[in-house]
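Everything below concerns the one structure shown next.
Chain lettering (A, B, C and D) follows the sequence in which the chains are written, and residue indices restart at 1 in each chain.
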Amino acid sequence: MPDNVAEACVEFNHHLLTLRLRGTVRRMSTPDSTATPQDPRFESRVRDSFALQTVMATLGAALSRVAPGEVDIALPFRADLAQQHGFVHAGILATILDSACGYAAFTLMPADAAVLSIEFKINLLSPAAGERFIARGRVLRSGRTISVCQAYGFAISGGAEKLIATMQGTMMCVRDNPALRG
Amino acid sequence: MPDNVAEACVEFNHHLLTLRLRGTVRRMSTPDSTATPQDPRFESRVRDSFALQTVMATLGAALSRVAPGEVDIALPFRADLAQQHGFVHAGILATILDSACGYAAFTLMPADAAVLSIEFKINLLSPAAGERFIARGRVLRSGRTISVCQAYGFAISGGAEKLIATMQGTMMCVRDNPALRG
Amino acid sequence: MPDNVAEACVEFNHHLLTLRLRGTVRRMSTPDSTATPQDPRFESRVRDSFALQTVMATLGAALSRVAPGEVDIALPFRADLAQQHGFVHAGILATILDSACGYAAFTLMPADAAVLSIEFKINLLSPAAGERFIARGRVLRSGRTISVCQAYGFAISGGAEKLIATMQGTMMCVRDNPALRG
Amino acid sequence: MPDNVAEACVEFNHHLLTLRLRGTVRRMSTPDSTATPQDPRFESRVRDSFALQTVMATLGAALSRVAPGEVDIALPFRADLAQQHGFVHAGILATILDSACGYAAFTLMPADAAVLSIEFKINLLSPAAGERFIARGRVLRSGRTISVCQAYGFAISGGAEKLIATMQGTMMCVRDNPALRG
């Protein structure tokens, strides 16, 4: 990564947050960084839970990446998911960004945990026009009860990715409710 | 409305915001209250635009009320819109709350305007379990370019309504883009 | 409250949420409504904790009302709290709205609890110009761990109140950290 | 930046947004990237406007960096800015993060523009304990009217930086109001 294009950079995986400013790399621990997931079977837990989210099949969304503290979800464009101008509806984008946040947090939770969204906030930067869309969720802080995540939404057209939405959300780890698993 | 049940109350239609505290009614003008919509055909503009939102038919959502500064959208429960525990996905709720906000703002915009969501934030108060759901959007401030809205999401079961989600969002009035109408 | 001025109304004290639409009053229980605070000494707990918030004295802010699920904080205008145009800075408004949310939630928490802000979102509806400002915080949902609140910020000039800001935030009840009280 | 510590990275200056995943660098243009500020005197405009924010002197905050699309603000700890547990109040952190967002956006605005905050949302990741604090604001999208920014808040103790807060906000470029400059 040449210095002349990278003035500021935040790495926000769960290990390390780095802010690159004018070519100088500063490393800072995140508040509750965890070197390894508590549950080595985190990926299958995420895939099993995602398979239960019936809305994902209804929308045509699929898990495209599962890593500690990071989950990506892909959604091909469909004309029947549009708002009034023919772009994908902001709420549908929010659906995949929210799940990307939730499952990113879920990768770092204990094996018996369920994950719930407490809240999220999304900014729409550009209309959701493209062949397909990717939501990339990342954990900023993984706490015992509360996890804070970001997700970035990209539109892909002709091989180029464009940032079209950004989310900041709060996820909850639930362990004492036998009715909630995954 | 007996005083003993109503200690605090905010009326947030576009005419008037009232805060009732301990039985005393205080009336305050909203920052940009507008007595009447700029376009008397606001309802048909909303209904025409809603009909273009293909995602609404895909989800089974319908406009249930259009008034100046206020729009409600109803969504029957469907098992194929669920997250992993069988509740309606937070993003699907956000979809109808966002449209309720956007169209509430749209009722107060001029006839040639298009409406776009800049951002929204939603809190999930309780799992979205119920026979059907209603999103009630209301304008807090209607400005020339920026409108600020709230929406409240309710679950309906056996005739009882329960508040399950609340949204605060920012909508934009676009008038200079010929590609965007409605 | 005459019907012709009140088309939509939400009462959001902790007992009851009511939505008035076109003169019809619908009553709905809030998700976790609590008829009475768990701790009858809630008001003194709020006042003691507020007195420890040194920033409130620094800003000149004062508690003006404490009721179950509802707390108001007043702030006189001061020229040394301004942003570049001479209005009170949005972050200073956010400071009193956040504390109003936190203490509104705190009134419904058990006697040994501490309250922390997880997150908040504020919309600025109009510049903060006025003789003084009031933040009115209200609980929408009071849960065991998570409370969801709204706060409304008003500017007061010549006896008239104007809505200038609205907040939606998430507060946490902490009971297991001996270092945190109040 | 060694590959083994940097799995995911977003560069979010106004030139370029890059997401590094597992050592692969993907470059994506931001929606409205601008290679150079419209006004070459952007830094003095920011410094002049900041000097008018009287609240910054009241809090003891100072501009520590101004670059295209990026502004940092530093705040030494002061016991008279605390919440009830002795940490800096979330609203005071929000004050410097909001100004960092606003001035980051302002660097990319035309010479006659004024900047106003429409809204912001902040997550508090850890208590604001430390010797001093830095808010690093960055532009994600710079539009003609609307700019979307992020700010990250760090606590500094013994030379180590810790991420304690993250903000996502919307800023407005105002050009037609003679009463608002800067």
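Just so it is clear, contacts are C-beta pairs under 8 Å (C-beta built on N, C-alpha and C of every residue); 3 or more make two chains touch, one makes a residue touch a chain.
The structure presented is a predicted model; accordingly, all values stated were derived computationally and were not measured.
Undergrad: Same or different, please, for the chain A to chain B contact, judged on whether over half of the interface numbers appear on both copies.
TA: Over half of the interface numbering overlaps between copies: same.
Undergrad: Decide which interface, C-D or A-C, involves more C-beta pairs in contact, and give its chain pair.
TA: C-D
Undergrad: Where the CA atoms of chain B average out and where those of chain C average out, how many Å apart are those spots?
TA: Taking the average C-alpha coordinate of chain B and of chain C, the gap between them is 22 Å.
Undergrad: Please work out the Cα centroid separation of chain C and chain D, and write it as a whole number of Å.
TA: 26
Undergrad: Give, as an integer number of Å, the spacing between the C-alpha centres of chain C and chain A.
TA: 31
Undergrad: Which positions in chain A are in touch with at least two other chains?
TA: In chain A, residues 118-119, 121, 123, 148, 170 touch at least two other chains, as defined above.
Undergrad: Could you list, by residue number, the parts of chain C that touch chain D in their complex?
TA: That would be residues 49-50, 52-55, 57-58, 79-85, 88-92, 94-99, 114, 116-124, 127, 179-182 of chain C.
Undergrad: Which residues of chain A touch chain D in their complex?
TA: 1, 5-13, 15-22, 25-32, 65, 67, 70, 121, 123, 125-126, 136, 138, 140-141, 148, 150, 152, 154, 160-164, 166, 168, 170
Undergrad: Along chain B, where are the residues that touch chain D in the complex?
TA: 118-119, 121, 145-146, 148, 170, 172
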